[in-house]
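Order of writing sets the chain letters: A, B, C, D and E. Residues in each chain are counted from 1.
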Amino acid sequence: MWILLGITAWIAGWALNVWLAGRSASKITALMVPILFGLTLVLVWEALVRGFGISPVILPPPSAIAARAGESGMILWEDFVQTVIKGALSGYVMGCAAAIVTAIVVDRFDFLRRGLLPVGNFVAALPVIGIAPILVMWFGFDWQSKAAVVVVMVFFPMLVNTVEGLRDTSAMQRDLMRTYAAGYWTTLVKLRLPAAMPFIFNGLKLASTLALIGAIVAEFFGSPIKGMGFRISTSVGLLQLDLVWAEIVVAAIAGSAFYGGMALLERAVTFWHPSQRKGR
Amino acid sequence: MTDPKPEIARHPVIEASGLNLTFDTNDGPVHALRDVNLKVDKGDFVSFIGPSGCGKTTFLRVMADLEQPTSGSVLVNGVTPEVARKARAYGYVFQAAGLYPWRTIGGNIRLPLEIMGYDKAAQAERVRKVLELVELSGFEKKYPWQLSGGMQQRASIARALAFEADILLMDEPFGALDEIVRDHLNEQLLALWARTQKTICFVTHSIPEAVFLSTKIVVMSPRPGRITDVIESPLPKERPLEIRDTPEFLEIAHRVREGLREGHAYD
Amino acid sequence: ADEMTVQLKWVTQAQFAGYYVAEDKGFYDEEDLDVTIKPGGPDIAPVQVLLGGGADVMVDWLPSALAARENGAPIVNIAQPFKSSGLMLTCLKETGIETPEDFSGHTLGTWFFGNELPLYSWMSKLGLPTDGSEEGVTIQKINFNVDPLLQKQVDCATTMTYNEYWQVIDAGLTPADLVVFKYEDEGISTLEDGLYTTEENLEDPEMVDKLARFVRASMKGWKYAEENPDEAADIVLENDETGAQTEEHQKRMMGEIAKLTEGSDGTLDPADFERTVEVLLSSGAEPVITEDPGEAAWTHEITDQALN
Amino acid sequence: MRNVIPVLTVVLAIVVLWYGASVQLNKQWALDQAARQDRVLSTAELVADTWSQAKPKLPAPHQVAVELWETVAQKAVTSKRSLVYHAWVTLSATLLGFALGTAFGFLLALGIVYLRVMDMSVMPWVIASQTIPILAVAPMIIVVLNAVGVSGLLPKAMISMYLSFFPVVVGMVKGLRSPSTMQLDQMRTWSATRRQEFLRLRLPSSLPYLFASLKIAMAASLVGAIVGELPTGAVAGLGARLLAGSYYGQTVQIWSALIMAAAVAAAAVGLIGVIQRVTLKRMGLN
Amino acid sequence: MTDPKPEIARHPVIEASGLNLTFDTNDGPVHALRDVNLKVDKGDFVSFIGPSGCGKTTFLRVMADLEQPTSGSVLVNGVTPEVARKARAYGYVFQAAGLYPWRTIGGNIRLPLEIMGYDKAAQAERVRKVLELVELSGFEKKYPWQLSGGMQQRASIARALAFEADILLMDEPFGALDEIVRDHLNEQLLALWARTQKTICFVTHSIPEAVFLSTKIVVMSPRPGRITDVIESPLPKERPLEIRDTPEFLEIAHRVREGLREGHAYD
């Protein structure tokens, strides 16, 4: 019965979306379609869990997760502050700033670029789950070690993007600066940094999801007795899967919002870039 | 410039002697410039014409210190191009408009003024003036992509005119424009040149344009890039559009065309 | 032979010697069982594996088993090979801790997943707040190793008599540098390594029979291991896939384990069960169980059948 | 090849910093131990001690090198104590997951590019999916897959796939949309079919994006395989080594597993780079 | 095409009547085409000329079914552009060369042939022939970036000629070439046209080019984009380059220039 309901929900949701997408693209449909898609997914999930009688300690139904989220609002908020605000955000800011500064230095000295980028590639391939315990050992249990993990995670993607961006000026744009006898710093501020913005935002968007994951994963390897990663890892042990999923939902919402915020900022800053302009 | 000038009394504005420039590429060297000699005096309007790849752009770039000659020398106002560049002697209009997309038209024109440290009021005044000159008043707040190709070209010309450089280097500035707009801008440029006594080096593919504008026409030829002819124009400084139907005009045009044809493989 | 899968609570080590010995010595074969032993780890919740159908029996600790039960997992204790608890709190002497009264102002590291509850209930018995204040103690979650203690990130850390304690010793500290408090001695011990299965399995007579045979063979394995600790350790080592275990450590561990299984024939002592529940309910912290599950959470059916 | 000297210089700088950091991080333990034994360490002794501890906070480079040498070169590759064996276990899951992820990502990108509904509905959720901490969900995925009878290599590969499909979707959507309006219009004037348009225009012009994505996907896939090893009993593989090293405080073992993981990733990514260069060269692109 | 044709006897190749096309943009509608009426007969060579933004490209795109008119209709050979497109009636040369960088010159030219299902031998034969026509024999194996801009342009023209479409739509095909090369290609195009009796629609900014090539010159004007003049050329089909100095030629050129000037804001 429930399974049938799930299939119906899927078909109905999809059909509705096809119909909506076929209509003229307004702001509202652009927002409605993904929301409907998500709702359909949730319905199907609920139906399947109930239909197959899956134990709540393996996969709880969305209704139970929502109920739990309602009950444990305080815990979720406290964990959110610890992980997202203290850990992820501070690490994100430090990591991205450091990467941009490094990129400028690396870009200035070609020797460094050729030496650092290949080695950096290798270092970036080190899996977080290996690095996190080490950084927790070095920087202690509190948010500082989470920030450190985030710094390590976001640094390299950000560096690569910025270096790439700083090189993304056309020869003509640079020559123009030369004919004005503009110095290195003037060229940097007036030409190369603005031109690099699309790449920098690419990096910032990528880093926003990495930051959150990094902070949460780092908490698996040591944390004070609060934080989203802490809650997830300990609640699994206690089979409170509804709480685990509530935290995951918070993480996904926070991550998507973070990403979306960056995308909006990108739109505001790089409005001039062809990818941000509609039509021609 | 029909009246003879005392050549020795002052430095020529540009003096190239025995200039060679070779690019090293994977399939061997490309001789972009071979033994180029040229003298440009103050107030000259020099056009460069020649088949694609004959080194016109390269020559302009050498003058502007954007490219280093392999041998020979260029002197600008008696000093090296580098010194001249640092003294901000040039206004350069590139082959494509090359406006910065993140700045408005006004912002683009203001850019060199900011770099050169003009104060705010002077910046605004100059921007207003050059925009008027190229007939773009009212577009100051627009972004480059909101303008048609021709308008972008004009904006980039305005940018080069905004700060008063004595030497204007223009690389096919009117390439993307239709005949009427082109005629109009030709007249404007001539008027500006007559008024300000700038020295202008101008690259074009159009023979009538070259003849109409110049006091001196430099015909170039490729492989290796070299100067094959330098034609001093006998036309008066005052040039209405109708001058293009005069026999003198057609005569010079003919000579340029012949020079050009030699540079090509056909016939 | 009947197939059977057992999910362990932790990685392959002498803690589970009885099962490896039973397998290696053919005790399972004698009972016509073909047993697969799945090692565990920090990211494995045996209950999930059990309910997901990945195993028929699991080894788990009673606190986490009860927590799972309260969260909707119908699991039941069917045998209890471990009589006593190996948990203890190990403190660095240099911190000045000598008796439980000295805890105030210090940081105590404990494992979570339910293991923190006995500690909380101990602290509430001692009247120490756990909010990190000067008069109270700071409870710190630590992972399943002793690095935080060695690096002095905590003043005391949870250890097992048979494993982590010896890692501290191996790292270069001497027993004289340490002060230990055994949970067993402090009256806060909870039941460890028991065997659990689902209520559904217990309704199936065929399965009950299989489980009884399994428990019988396993207990035989345990008794053999107690008597031949060095051989048992060798068997464990052979079964270690990671190649990370050392002989010295496993032999020592087997010796300590033997002390914990001593005195158990596999039958759960209801008094021990009651004590565990009481400790859990009195912890005062965020409770993992809110009510006494009563006799539904254990059965003697299997052990009775196995021991006859 | 002109990169050799800069790279070596940077590596050298890192090694020097590393040795310095080892002293800094390990000296506390050395001093404590000395204090417990009532000894006083000279600077030389202190440095020597920090570079040779059994369980250092940060092992010195040569300790890691020795461990790597012993576990890579001096053990038969089939031995459980050989790092090559463990690397292979991880690599096999990585490659399978990478293949699955690439295929899935590719299909999704196709759908997004060709179906308007998918374009509007799927992308935000693809992004949201990547904000879920995989380490938290991995055990559940493994259990659920186990419950439906999937076990062995596949569950690990699924987690690799989960991480690796994302860069492929993002890159391929961008790549498949990279042909200019003019190029698409050309196809229209020739009244090319959708299939012809895809094979002759969209696919070739997406290749540079594809390769860039594949490199990221490969690295992500390796992380996925390692994460996936933890809840499968962590019996073998680099993830298992990392974990086992962590229970027993074997920092040297952790670091050598880490370095091995990075080397495997670098090699796999390098291989894609080679394929990329060959393919693009044959296509006349650079 | 000086001889009068029986207009009713056969379908005109292109027949636009009451054509309107409005683009909706953020800052309001852009009237790219307003009430456009035009008849093109088989074998005509029609040039479109007009200021930037007057809708030349848009008109060509409507003919090729790349853009849908807002109202009015276009018929191509008596059927809709869509049917004609599906019947592969067009060869389209875009404003920029637009060669695929991952295919050689030969591969690029072969591309439409592959799509249209020509067999291997026919493909090779046609590629050889058109390469010869645009004088690029020997460059078949080269990649686009190994050619100069002018050669790329010619390759893209060759691509549009390779399959024998009856209608050629060419959007400023010679825009980036210098005068000499341009003259040369003009001659080639005329010869091809005379030989094959194709119908050609040709956009250009050059008045002499338009007059030299066409049997019919369509002058357009912007805001809104519309046709302001259609000039039937009295020049003979046989046209040596020297025809450009004849009074008839200059006459027509003058008329085109006047028409053009009206479309501009100046004077």
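By our rule, a residue touches a chain if its C-beta (ideal position, glycine included) is under 8 Å from a C-beta of that chain, and two chains touch if they have at least 3 such contacts.
For each chain, UniProt lists the protein as follows: A, D = ABC transporter permease; B, E = Sulfonate ABC transporter ATP-binding lipoprotein.
The shown structure was predicted, so the numbers you read here are calculated from the model rather than taken from an experiment.
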- Message: Using the contact definition given at the top, which chains are in touch with both subunit A (ABC transporter permease) and subunit E?
- Response: B, D
- Determine the chain that sits nearest the middle of the structure, using the mean of its CA atoms as its centre. A
- Through what angle, between 0 and 180°, must subunit B be rotated so its C-alpha atoms fit those of subunit E, rounded to a multiple of 5? 180
- Task: Please work out the Cα centroid separation of subunit B and subunit E, and write it as a whole number of Å.
- Result: 32
- Using CA atom averages as chain centres, what separation in Å is found between subunit B and subunit D (ABC transporter permease)? 54
- Query: If you average the CA atoms of subunit C and of subunit E, how far apart do the two points sit, in angstrom?
  - Reply: 85
- Query: So what's the Cα centroid distance for subunit B and subunit C, whole Å?
  - Reply: 86
- Contacts with two or more other chains occur in subunit D (ABC transporter permease) at residues 57, 135, 139-140, 143-144, 147, 230, 246
- Query: Mind pulling the subunit E residues that touch 2 or more other chains?
  - Reply: none
- Sites on subunit C at which at least two other chains make contact: 45, 48, 52, 143, 147, 151
- Note on the structure: In the complex, subunit B touches subunit E at residues 50-53, 148-150, 176-181, 184, 205-207, 257, 260-261, 263-264, 266
- Message: List the residues on subunit B that touch subunit A (ABC transporter permease) in their complex, please.
- Response: 61, 64-66, 85-88, 90-92, 94, 96, 98, 100-102, 111-112, 114-116, 143, 145
- Taking the complex as given, what residues does subunit D (ABC transporter permease) use to touch subunit A (ABC transporter permease)? 2-3, 5-11, 14, 25, 57-58, 116-117, 119-125, 127-137, 139-140, 143-144, 147, 181, 219, 222-223, 226-227, 230, 239, 242, 246, 251, 254, 257-258, 261-263, 265-266, 269
- Which part of subunit C faces subunit D (ABC transporter permease) closely enough to touch in the complex? 11-12, 38-45, 48-49, 52-54, 143-147, 150-152, 167, 171-174, 177, 240-244
- Message: Under the stated contact criterion, what part of subunit C meets subunit A (ABC transporter permease) in this complex?
- Response: 45, 47-48, 51-52, 64, 67-68, 71-73, 112-114, 139-143, 147-148, 151, 153, 288
